[in-house]
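Each structure below appears as structure tokens.
The same chain A turns up in both complexes below, where it pairs with chain B and then with chain C.
Let's turn to the complex of A and B:
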């Protein structure tokens, strides 16, 4: 404990004018340094912001441009011939709406399936001890290391032999192969943070393991489960090659649908493609807006142990 | 509570499992049944219903015209055609997978550059007996041949050649198309003198399209592939690349140009020459604000090294191949009808400006009155040839390794001789795989 008082301090001499000037100079320098570092920080933020937002701006500008102005060389940063025609044309394209519905169905089921399976697997890995548990955990993660092309060819052959090609099932199962491992590890990390004492208390109160997971652990891990679901949804929503290969036009999702519709042998309909890309990114943006607080919490949960 | 961290031992175990799993997946993939139509050549060849696979069925400009052909056939033959399509850039890989898996049947639209890769899979029917009935031109017929067998009926046969802007040439005081490399260089300098950011020749300088260098290499005397040997790296190929580099250094061609940039430059009257397929006229003029550009576009014979040489051009076009098995007979009839019926080919020409592959089709008044098409056929397609590398499954990789070496020369990272020697070695390795 300190017992110093002002009287205990050595007498402070009144600063001489030159020392005071020096003090003011130091403060001024410090203020200048602070201002400089703030300006530098703002410049850095502006540069990074521009780097991040420029593609979005370019997307919007192209979506509002006419085909002729898009091909201007050198390209113009600010478009002059603006039109909404690219957006109105989207509403008239039934096939695009079909692709969007397919994407919503497939990505949503992928998210739910990934979370359900990953919850049980993650819980098992976290709270149960059994032979081969570690190997199984590593096997789940190692499946992430397979090249996509290898998985694709194998899945194509397997789905084909089971008559599952061109079905939602094929898409959901294939998307789940690459969303589930990360979801499992993400949720395992979250379950690790749930104290064992809580589970023991539930057990003493007569709750079965099943009940403990559903009524006690799952609500606690809900933010993490939402984050994992969102991750799986976005992966499913964005996948191109699996959706193109495993589904026909009737069941195809947006990414291959957009490429098929707008990117041709000789020409790419950039304004329409950009308008469609903007519109179809809306569901993902909305999902992020509503769930982003869970996302941050869920992604970092389990990173620090109590 | 357990830890979720990965120890070194754990990481090693994981890699081991990963490798084992990858091998297992490979074995599983290899052992899995080959698909819905698992047995090769399965299905009833006499079936009236079949599939027609074409990338053009995705494309706004082509789709209505092809659907019209399909509907007319279905009505006349009381059959059902299932239209299947994949995007052009993914077409070859998708088709390879699906043809191998037995999912693709019936008629298949192929770029002539892909015919060899598809034919090597052993699932395509020999159409030799049918092709004789079509009245195809010699050059067209050859575009459907691989290893002496007629695997494809030619649908549209054209080439990739040089397109000139007559208005710009006139502005630079150039009265006629240059015929030799020397004259061409002089013309490019005249055009450069116009100023205003004109790129005299919007030649490909980006890797994606640098395969356009091949006809120039041939112009300088390189055969590319001869008697089972890759000839890239010989003096002629080095001369061609040295010349290309000279054009680049003198700013007669520009850096970072691909086909899309070339069309944009040409469309804005900032390029006097560029390389494109015959369809380039429609594509480039459609995206140009200059409504008179189409009239100023002229096909030009690629300049030769010395007078009397044969101008070089790359053959370009599409064929329809038939998959053995379900619907084979009806699909063959459909392919023959689509590629040779005069009314059908004329209507398709009217919709897409793609030249028919038959003598009668080319002579049809609707086609014959199109000066650009007839001139193109006479000046460019007549002497065009396919790439000797198309016969290799790695032909796309071959294009890329040569392109990368040429680009290294253009940006000054390699000398032409070293770069071409290296390209030749790499291409040789790819042809041996």
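Let's turn to the complex of A and C:
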């Protein structure tokens, strides 16, 4: 009752032109309508929510279970003997720590490289009009859609001939293939919001074009640049296929590292794998909490402007 | 509809100091990016298209020109099967998350209490690394101790555990469900963003005029989100058409090749069979199909005045 009245309030406070026409019956029907759509909405949220969140629950529950307790059928839906042992086991695994350090290094360098290069490119696309600009923009946009598996085959051959296999360089460069296009488009969208009048004012005050970009526009666009960088970091952190193929145990990142560590030939250490999965997810989840604000804006600006 | 104002505002003419014209300066800004694109995307891609005409071992230097042999190998063999399976995966993993994401976006857009919190919570499956998604569902689908089998057996829906990922009949379905779980939140976020551009007043007015919820959906909501919907569908389609991680970790293309798609087939041919000529030949055919999709995508964004 309270929810229906409270949502009906704004319409009363802020009368629409058509309110005059709406009689008592219409209003009652509308209220019933609203209630019905509320119920439908809650049903949808409940059903899809169960699909979306029960697996997350299972991830947590397994990560907190002892290795022995998960090997029984049917599985216990509510784990009884909870343990943090699977997490402490991670901290003691030197190889996993090495994978994590590799992940941090590679994803960070990828983020910085992507943002620096994409800033210049995005700025050029946003604030200048020149011949070939649209074609270049299309090229950048299209390049995020080339099949990665195919790209990987020849990148492997290229890196191999330059002796770059099993190096951070190979990983950073290959990650950049899929971070750059989106970063360029995100940053173009952000520079579009910087008013041209500001650039004009800077120019009249005698600032050079480089200075305008570096000391006036870039600080303004900094939040967007951070968002793009986080996005690139996450993509690099998450990558599986390039890191699996281009690097060995020494330089591999966490996602393929987890496969080689835990997916056994006969029996997988599920609780430990789930615990490790949670740990891998933490930086990404934290990054996205910050990113949320920019996420929709950036993605709509980048690829789905409506 | 169209106004007199130009679609894209021209920036004000700026004083050109130094030797560079504005155009040259702008191109200079793109140079590092273009160099990177050329080195890590366009050169490898061109080289891939070229390699398809050679017989080459990934581990060995040197190669031998074999003309169209590699292409014939696929076209006379598994090409149609792989195409069909790729399409099944792509269509399933695009439509299912679209329906779920749209339903959820509509629900959250009605202004439920805590919908901001829910939106954040539902993002989790999309945010976590793809390989974690695969591990989790591999465990859920596990033939011996999986929770899915546990629940279904307890509920009496199935008599005994099913090896979901190990049976030709169910493996593709399992892969699609996994990918759906990972991508419906993205659909939800994008469609919610689209829905929020629909002015509330429009709904209220339509409702005053006696339009029911179904009528309002098609008359008010759909026309406003159609643009976003068509682009997320196409983007998701293109991404799924080349998706690799989920399939590779869950089934590796098996059992008996029933979840083999272009991505896994190209990868396995190159890195397990070491036959880089055949791998890139299949990749070339795959590219050709993808280009058609990408062209469609560019067409749509172009028409919407995005570029």
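The criterion applied here is as follows: the second predicted complex is superposed on the first by the 231 of 306 C-alpha atoms of A that agree within 3 Å, B and C clash if a C-alpha of one lies under 4 Å from a C-alpha of the other, contacts with A are read in each partner's own complex, and residues count from 1 in each chain.
To be clear about the criterion, contacts are C-beta pairs under 8 Å (C-beta built on N, C-alpha and C of every residue); 3 or more make two chains touch, one makes a residue touch a chain.
Every value quoted in this text rests on a predicted model; they were computed, and no experiment measured them.
Judged by the number of chain A residues each one touches, C leads among chain B and chain C. When both complexes are overlaid on chain A, the residue A:277 reaches chain C alone and has no touch with chain B. After overlaying the two complexes on the shared chain, residue contacts for A:71 are found with chain B and with chain C alike.
In the superposition on chain A, A:215 makes contact with neither chain B nor chain C. Once the two complexes are overlaid on the shared chain, A:248 sits against chain B while remaining clear of chain C.
In the superposition on chain A, A:135 contacts chain B only, with no contact to chain C.
By the document's definition of touching, both partners, chain B and chain C, reach A:196.
By the document's definition of touching, neither partner reaches A:95: not chain B, not chain C. Within the superposed three-chain model, A:269 lies in touch with chain B and out of touch with chain C [touch as defined at top]. The contact surfaces that chain B and chain C form on chain A in the two complexes overlap at residues 71-73, 125, 134, 138-139, 141-143, 145-147, 150-151, 153-154, 156-158, 196, 245, 256, 259, 268, 305. Of all residues in chain A, only 67-68, 71-73, 125-126, 134-135, 138-139, 141-143, 145-147, 150-151, 153-154, 156-158, 160-161, 163, 165, 185, 188-189, 192, 195-196, 244-245, 248-249, 256, 259-261, 263-269, 302, 305 touch chain B in the complex they form.
The residues of chain A lying in touch with chain C in their complex are 3, 7, 11, 16, 18-19, 21-22, 26, 30, 33, 36-38, 40-42, 44-45, 48-49, 51-53, 55-56, 58-59, 62, 70-75, 77, 116-118, 120-121, 123-125, 127-131, 133-134, 136-143, 145-158, 173-174, 176-177, 180, 184, 196-197, 199-200, 203-204, 208-209, 234, 237-238, 240-241, 245, 255-256, 258-259, 262, 268, 270, 273-274, 277, 280-281, 284-285, 288-289, 292, 295-296, 299-300, 303-306. By the touch rule above, chain B contacts chain A in their complex via residues 1-4, 6, 10, 13-15, 17-18, 21-22, 25-26, 28-29, 32-36, 38, 55-56, 58-61, 84-90, 94, 97, 101-103, 260-261, 263-265, 267-268, 270, 277, 279-280, 283, 287-289. On the chain C side of its complex with chain A, the touching residues are 9-12, 14-15, 17-18, 22-23, 25-27, 29-30, 32-34, 36-37, 39-45, 47-48, 51, 58, 100, 103-104, 106-108, 110-113, 118, 120-125, 127-132, 135-137, 139-140, 142, 144-147, 149-151, 153-154, 161, 181, 184-185, 189-190, 192-194, 197, 201, 204-205, 207-210, 212-213, 227-228, 231-232, 235, 238-239, 242, 244-245, 248-249, 262-264, 266-267, 270-271, 276, 279-280, 283, 286-287, 290, 293-294, 297-298, 301, 304, 306-307.
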